[in-house]
């Protein structure tokens, strides 16, 4: 992590006890609850109204309702090397956005339109803002964090060649942000390891404290120089190396030790009707698209590639 | 309906073709769609993204996201007679509110706390506001309506004796407003019949055009004299006679010809923890509570009572 | 305050240092800021973006954006005595609601329609919910409070005779809830005194700790037995004795030591157009309306009455 | 406009009579109203509650509350030529986003931080979505439009070199989107002329129908191929040639015949505190930044340049 803004001590949001808040839909009504951490019921979900549920059998809503979602392009050394960006300490993070309509819950369907080939996974951790935040220092930023969630920043790389870098259509389509199942406090984020799975096989892995270039305190202080962050806003903190494309039927998951695991299933849908009329930039299969969708270079650990090939039956 | 404000012609919101918009949760993501009205796929749900679904197999969200929910106390002649309020043409509707946290979707769970005995059904139609509305006449009010939904205005009558008439706890508890599954336009509301069912047996029935005292145009113009109605706001239009209490396991439904059918299942939960500490007005079983919960008088058609007794296994 | 749930120690929300957050509109853009508490700039407003402003010269927005607003009918001994409700320790608070459209900011206009005579003030303190809250004990409730605001729960008593006690039209009309200018933490609420002013003259006064029957912890635990409170939700905690009606031109203020002062000016508007058509319950000037609007009995301290007569030029 | 999707007839949203809805803040309360179009009161603002106001003397809120704001990079031939993008009929629009926190009202302050040099204006028209929209054709898209607003898509070009094209910090800072004062229906958008002014001098001008490459129907159909547009969402439709930087004290306005005029004043604020700590990409004064901020080439009409020099006192 950026050595210029080290932690003086563990920030409050990372100090225990662990608390995980989840939101489920039962029938057509949303309920908040807290995961039971200890005792005979550990691992079950205690709704605020008293009901004790099997956490695995629930329908999860995104545990956030953000007014904006901001994502870091690159914040892991391995991803930076893979893409041949070699940030030095003087360099700075860059950002893009995803619209709120891209939100998806744990066990959601991730839609892949019939005219697109390259739907890439990116396992990430998300930071949820707890208090209005503008013009803060990195030290102060910690007090504005509500907690952390696992997230999948999915992208339709077929639109890589358009939007001049904003990635609105790459990253902004409906369902491309599975997040949750909970918001977690009381866990030392920097001691955790993030892993992405395709059909149960590890395809990305990074130790957050060792491989992250910028911590959430730095990123919040950076963005909040000019943009007010509101309670509920979400910041996606970037992905380690080996973002690759997946296909309908694949189950993609991001698991972060101590924080949780979010998964989604890729589902095929028809191409949009306007596409048949020639409206808008068509999905393309250019060398640049393939370069990003299929992988940048050979520095990626071999077992990630082997695992993905196995998941794809290649 | 109130003879002073008759319709000059069928308002736009009631003119065909019929359009029903529904919102479903798939995985953890919400999707809007339109019911297919004609052809081989009639009765299926076409999502906006093109997917065609079995409408019966979906998880429905409330099709509304209101900033406020206002309910008419009494707007049916049969309910008015039953409660011995005999409004004359010069009398006027009265209102209470339900909080947004009471919203529930089609096929939701309607929660009955262990310390409450009397959870009453009230089948109703809901009016959804489409455009900001303040200081309008009844004629103008029609243009501010988005559409109509079936709804169940459930009530915990055990709290009848408190809140000095606001019914916050009678009508305001979580899950007490199943609504949907769709918002419907293009149907002549006043030609429809509303029925409430318990376990499939009819327990309320009214022809909306013939038995309603005040139409939505009158009610909107009345409320909007002093209160701005916002897009998405919901007005519940009252229930006909024979609101009675139901028990855990009962399936309650409100079906309106041409508009749709919403149902919910009564589910038992524990009494709240604060109740054990003696906090707040305890649920009571007073004569007034029983009078409302169990029924007012003998003018109710006998078959409704017989059907309810059958549903209750009495 | 209710002796059954005394404080074990000062809750976090009341422990210093004092923090007051305000939201202002500059041009057409909303900005959050914090009041400067100490030093040469004490009493000025520091926006989050760094600007230092004259706090008195700003346009204030309500510092809250609630999904629901719940109000206690009576929670002061003096008001209880005045209205001849003499609650004993076994009795419990009752509630009504105000819609979000009733929100108004500090220095707002409080609208009095031409066909209404009795617009009553009620100085109150508001509790703002900070974290989702359901099924908590009074002890736990404190952690769900964001802070406190001064508020004026204005009421059009001309509609006292309708709505069967819900007071939707008495308390729910647009502009009837001036609140702010800030949300305050770090002040011992129970050591404060609340005063209401009309044109600068004291017309209500109460020591919150000594005269309040139920504290916010009790009220939150009571409501949250069945209703989920969401972040931003507002609870109005009732008014002391001597709620009386005011007229266009009057400046009404509620000031709470340590917390702040909110004021509004009564402004006349035309009667609604639908009123001329005979729609809805007409404002009435019945004995019951006058009894509430003009005052209940003679137990009110004489100087409050004299001050109000002076403000009214009587 | 794109010849492949011509209008068959004037869409409903452009058919008269003209209706303009505005939202003002009076005291601390927001009110909607409609501009009076005819008669002695033409040009005044009639609030929904009946008050008739001097439209020029009001404090305007943005007339929109979007869940997302999407902007077209280039949709005018003059801008396209200026930037040497020469789109042919087969080419397609590209997009970026602005966060809701960038919203500003008519007569707002547009903030320029002390460490930034280049705050550029871009006069645009905005499209406001009226109904949920996904997977529509250009023909169908018209029915999903609520109306049109003047807007200023301001940008801090000092951040041109960062964010890899997303322009989050160029276009996303607080206050950089003055919009309003009204949402307008019933005006033939394609017959109107857009002009941008600095201190009253014309610095941009374009006939919308003749110089726009893509109409809103095309853009909506394009975006809604993969992204659901929600009621209230805003699409900014691009700017004609001669976007240039302005300085504190300048009054910038965008006026569209038949639609209205929005203006804002540039105001200096301090550099953010985190900037002094070296957090984040520093504003830069690179050749690329200057190229965009100060102008691309010499094809811009000379009088625009002369007017801007005059406004800047050069």
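For reference, chains read A, B, C and D in written order, and residue numbers begin at 1 within each chain.
One rule holds in what follows: contacts are C-beta pairs under 8 Å (C-beta built on N, C-alpha and C of every residue); 3 or more make two chains touch, one makes a residue touch a chain.
This one's a predicted model, so the numbers in the text were calculated from it and none came from an experiment.
Same-residue interface: subunit B and subunit C share over half of the residue numbers found at their contact. Counting C-beta pairs in contact across C-D and across A-C gives the higher total for C-D. Subunit A and subunit C, compared by their mean Cα positions, are separated by 42 Å.
The distance from the centre of subunit B to the centre of subunit C, each centre being the mean of the chain's C-alpha atoms, comes to 31 Å. Centroids built from CA atoms put subunit D at 39 Å from subunit C.
Annotation for subunit A: residues touching 2 or more other chains are 49-50, 134-135, 174, 228, 272-273.
Contact residues on subunit B toward subunit C in their complex (touch as defined above): 4-5, 67-68, 70, 73, 92-97, 99-102, 113, 134-138, 156, 162-169, 172-174, 218, 221-228, 230, 272-275, 277-281. Every residue of subunit A that touches subunit C in the complex is listed here, in rising order: 21, 32, 48-50, 132-135, 228, 231. Considering their complex, residues 25-29, 31, 49-51, 59-62, 103-109, 111, 174-175, 178, 180, 264-265, 269-270, 272-273 of subunit B touch subunit A.
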